[in-house]
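Next up: some structures, all given as structure tokens.
Two complexes come next, and they have one chain in common, subunit A, joined by subunit B in the first and subunit C in the second.
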Partner chain A sequence: MLAFYAIYKSYFRLALMEQFQYRVSMLIWLLGGIIEPLMYLVVWRTVAQQQGGAVGGYTENDFAVYYIAVMMVSHATFTWIMWEYVYRIRIGLFSVMLLKPIHPIHNDISYNVGYKFLTLVVMVPIAALLAWFFDASWQPTLWSLAAFVPALILAFLSRFYLEWGMAMVAFWTTRIDAMNQAYIVTTLFLSGKLAPLELFPQFVQVTANILPFRWMLAFPVEILLGRVTPIELLIGIGAQLFWLLAGYLFMQLIYRAGIKRYAAFGA
Partner chain B sequence: MYYFRLFATYVRVGILGELEYRANFWINMIQSALDLGVALGGLAVVFSHTDTLGGWRPEELLALIGVYFLIGGLIRTIIRPSMTQFMEDVRQGTLDFTLTKPADSQVLVSIQRVEIWRLVDVLIALPVLGTALVRLGAQLGLIDTVVFGVTLLCGGLIIYSFWLMLSTCAFWFVKVENIQVIFMSMWQAGRWPVSIYPAWLRAVLTFLVPVAFATTVPASAVSGRITDANLYGTIALAVAMLLVSRWFWRVGIKFYSGASA
Partner chain C sequence: MNQKPVIQLDELSKVYTVSEREAGLLASMRSIVKRKTRDVQAVDRISFSVSEGEIVGFLGPNGAGKTTTLKMLSGLLHPTGGSATVLGYRPWERNRDYLRRMTLVMGQRNQLVWDIPVIDTFELNRAVYRIPEPEYQRTVDELTELLDLAPLLRKPTRNLSLGERMKCEIAAALLHRPSVLFLDEPTIGLDVTMQRRIRQFITDYNQRSSATVLLTSHYMADVEALCQRVLVIHHGNLLYDGQLSGLADRFAPFKTVEVELHNGAGDRQLAQYGEVMAQSEGRIMLRVPRVDTASVTGRLLAELDVSDLTVQDPPIEDVIEHVFSQSPSPLDAPESQKDQSE
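Moving on, here comes the complex of A and B:
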């Protein structure tokens, strides 16, 4: 455990130093993650306005808070690993990673967290600005803030394992664009990004409950909004733990199978 | 005529090149279909809770999505690949080969790469646009159709000139690819009518990055909400931007001295 602490600490420092070199590109890549929730915020706020102030139990203000929270939570949990792995394997970087006596996922986790730390400097003011522009009022309760922390950590880890596992498809094929796109579209509908899940027809909501995506985004967001009862919270944390375990096993299995198949390019 | 033949040649080269990667057609097809699914699914969810969105009816928004995919397809097929190639050429110094060819350098640069499979966006846009137009058909006269065509053309020209001006900056700041990322991030906001956005965002999407002219304006022509001021303003802007981007290109070309010289 202590050894891991030292490893993570130096990985983390490296990540910060390396990414600080690309600060302009880093800012520009953030833009997409800001525009998308902003767009849906405006759309749903307009709908609520037309329906006399609320739709499906969400008021105009709720939509503003919901989407600002979505922006922050999806920023905190997103990964780019499904694109990076193909590049790594094609260029041969992966061979170098294999030589290190440590599972490559630790490197990726610390880089991801490092990036999030750096970009938080931009994202927090942007969230504050949006809250000001849309006149959003949010009164969190102490227990919802307390429940949010473990829910966010579980969401981050389960999403990381799942997407890291899916990135391993790069061992079999390097043409993953269509698959990645399909994944993004699925999460868009079933994670609460396109609209709060309560606004969808019943069968979509049931599907969303069964699949992992809602627990990685909508669930922590709803906690922040105070829309989750204590019982629902326990069920949700349970679902997150289940998907964390499932994601971990999935990642391990596909990684082991992939490694056997891997032969460095140029070898 | 000469330039038309030239363009046809580049298209042919593009086709020949891409025929080597036929699987890309299916991959692009799947991706475009998924994109369309998101757009239509989003509309379905929104309109299950309301009849109009900021005054726009479902079939009018369908027309907007058609326009969005059509112009987006043209960007992805010709404008983006050509401009990416151009920036790469400036960095590597291979732009010299383009400049020594006996044709207008701006035209050459603008059509030099055609990613033919990206045309599936356009293919997908046409039935969407067709459906929307048929549904709107009752109140759509000849004049509206002509106005639609004109605004669509102007929208395309505005986007092209805008992109050309950004790319021309490559003569001074060699690394400007990131600007394209900014544009494509903003572009997705064009799926919805800009009138629903708050004033500050509308201003950004109209004047800073002219997304509104390429999407909302043509779509408002078919839904009969375009004003004369809007129409003439769009035409004037298209002409002005073409001239300015042309002038800017000339200035840039004069400044360029080759990578190794």
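Moving on, here comes the complex of A and C:
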């Protein structure tokens, strides 16, 4: 455990040092994560205004708070690993990782967390700015804040396992862009990113409950907004734990099968 | 030899399946439905063993299977046949204890993080390999001294020259004091001074820690300086396993006979003894078939006015070139493998 702490500390430090070198590109990357929820926020607020102040139980203010929360949670849990593996395998970087006596996912997790911490410096003021601009009012309860922390960690980890496992598809084909695109579209609808899931037809909501994506974004957001009852919270945490385990097994399975196929070309 | 083998290969094989596609639109459409693949035998039932503390050179032309073998031994690749153990582990199972005890240095590959100072990559390795602080400090000091790293450690990797980077790569790969080293072209692209430096370092490291080293190189100077024993691999087959000095006996069909004559001799006269390779001021270099060496030297001494005569093996580069210029048919291989094991 102590050894892992030292390893994470080193990776983390390295991630900060390296990303500091690329401040501008980092800001450009962030822009996408800010603009997308902002766009939905403006659209839904306008719709709510025209419908007399609310859509499906969401007021103008609810939409503002929802999308600011989506922006932050999405920022906390997103990964770019599915785009990175093809490149890594192609140029042989993956071989270097495989030679190390540690699972390569640790490097990626700590790198991701390092990036998130660094970018909080930008994201927190932006969230505050948006809250001020849209005059968002949010009164969190203490227990929802307390429940949010484990829900966010579980969301982050289960999403990481799932997407890391999907990135391993690069062992079988180097053309994974189409798969990634399909994944993004699916999560857009089923994670609550496009709109709160309550606004979707019943069958979409049922599908979202069954699939993992809701638990990786909408659920922590709903907790933060105080829209989850204690029972729903327990069920949700249970679902998150299930997907954490499923994601872990999926990731390990596909990783082990993948390295058997790995040809280490050009490395 | 009473030492236990550190590296042991038993009929190790690797077949790559590569997809093939003919040029043209029609062919690419066909390939959607039916993918054509072809098997390439990169390594073909190779067996050998290396004892603790040995430095063994692995020779072969590009594509012979050297790197594939090293990748299997370092756990990057799964073999398609046969077996191998290194330090008692099966490499491709990637046991963490095994990975902590070996290293693979690839000439064109880097583990140093591009944008940050070298010492920070070292620090990362310290954590990943769980090297205790005092031992880490001692190793860094030692490597700094041996490889003259002091001015480089605080520089970001991207600011280093190729030679400087290679030195740091090697140091990074040795921080955990591995007992088995796989070196794939460790001196590639380096100038002669730097090559010599790296060679000296490998010798020192080998002596200090009695580490086992298996290295490939295109530079014969590396091999001659470091390895007493060499393995020659060609088309995935092991052609030779033995002393470097025995390579010529085994493969060079010719010897070089150098004679010095009191009176000189005409070209036509000399040609009956062998192929004249060079001639100047009474010194003549003849290329003589190995089997005829004894009779030719006898005749030379009897028939010409010889003041000096030496018989030599051709330079090692020429021998190697000669071996690789011949494409052995697959049928030859088992026989030559049998040869070297006798």
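Throughout what follows, the second predicted complex is superposed on the first by the 266 of 267 C-alpha atoms of A that agree within 3 Å, B and C clash if a C-alpha of one lies under 4 Å from a C-alpha of the other, contacts with A are read in each partner's own complex, and residues count from 1 in each chain.
The working rule: a residue touches a chain if its C-beta (ideal position, glycine included) is under 8 Å from a C-beta of that chain, and two chains touch if they have at least 3 such contacts.
None of these values were measured; they are calculated from a predicted model.
Engineer: Please determine, from the superposition on subunit A, whether subunit B and subunit C clash or fit.
Structural biologist: When both complexes are placed onto subunit A, subunit B and subunit C end up side by side without any clash.
Engineer: Per the contact definition in the header, classify A:92: touching subunit B only (first), subunit C only (second), both, or neither.
Structural biologist: Second partner only, subunit C.
Engineer: Using the superposition described at the top, determine whether subunit B or subunit C touches more residues of subunit A.
Structural biologist: It is B that touches the greater number of subunit A residues.
Engineer: Once the structures are superposed on A, label A:42 by its partner contacts, choosing first (subunit B), second (subunit C), both or neither.
Structural biologist: Only subunit B; A:42 stays clear of subunit C.
Engineer: Does the superposition put A:231 against subunit B (first), subunit C (second), both, or neither?
Structural biologist: So A:231 meets neither subunit B nor subunit C here.
Engineer: Check whether A:210 is in contact with subunit B, with subunit C, with both or with neither, and answer first, second, both or neither.
Structural biologist: neither
Engineer: Between the centres of subunit B and subunit C, viewed from subunit A's Cα centre, what angle do you get? Round it to the nearest 10 degrees, please.
Structural biologist: Vertex subunit A, arms to subunit B and subunit C: 90 degrees.
Engineer: Who does A:51 touch here: subunit B (first), subunit C (second), both, or neither?
Structural biologist: Only subunit B is touched by A:51; subunit C is not.
Engineer: For A:263, using the defined touch cut-off, is the partner it touches subunit B, subunit C, both, or neither? Pick first, second, both or neither.
Structural biologist: Second partner only, subunit C.
Engineer: Could you grab the smallest C-alpha gap between subunit B and subunit C in the overlay, to the nearest Å?
Structural biologist: 7
Engineer: Taking the complex as given, what residues does subunit B use to touch subunit A?
Structural biologist: Within the complex, subunit B touches subunit A at residues 23, 26-27, 30-31, 34-35, 37-38, 41-42, 45-46, 48-50, 52-54, 178, 181-182, 184-186, 188-189, 191-192, 196-198, 200-201.
Engineer: Spell out the residues on subunit A that touch subunit C in their complex, using ranges where they run on.
Structural biologist: 3, 6-7, 9-11, 13-14, 17-18, 21, 92, 95-96, 98-102, 259-260, 262-264, 267
Engineer: List the residues on subunit C that touch subunit A in their complex, please.
Structural biologist: 16, 71, 74-78, 94, 96-97, 99-100, 103-104, 106, 109-111, 113, 115-116, 120-121, 123-124, 126-130
Engineer: In their shared complex, at which residues does subunit A touch subunit B?
Structural biologist: Touching subunit B from subunit A are residues 24-25, 28-29, 31-32, 35-36, 38-39, 42-44, 46-47, 50-51, 55-56, 133-134, 175, 177-178, 181-182, 185, 188-189, 194-195, 199-201.
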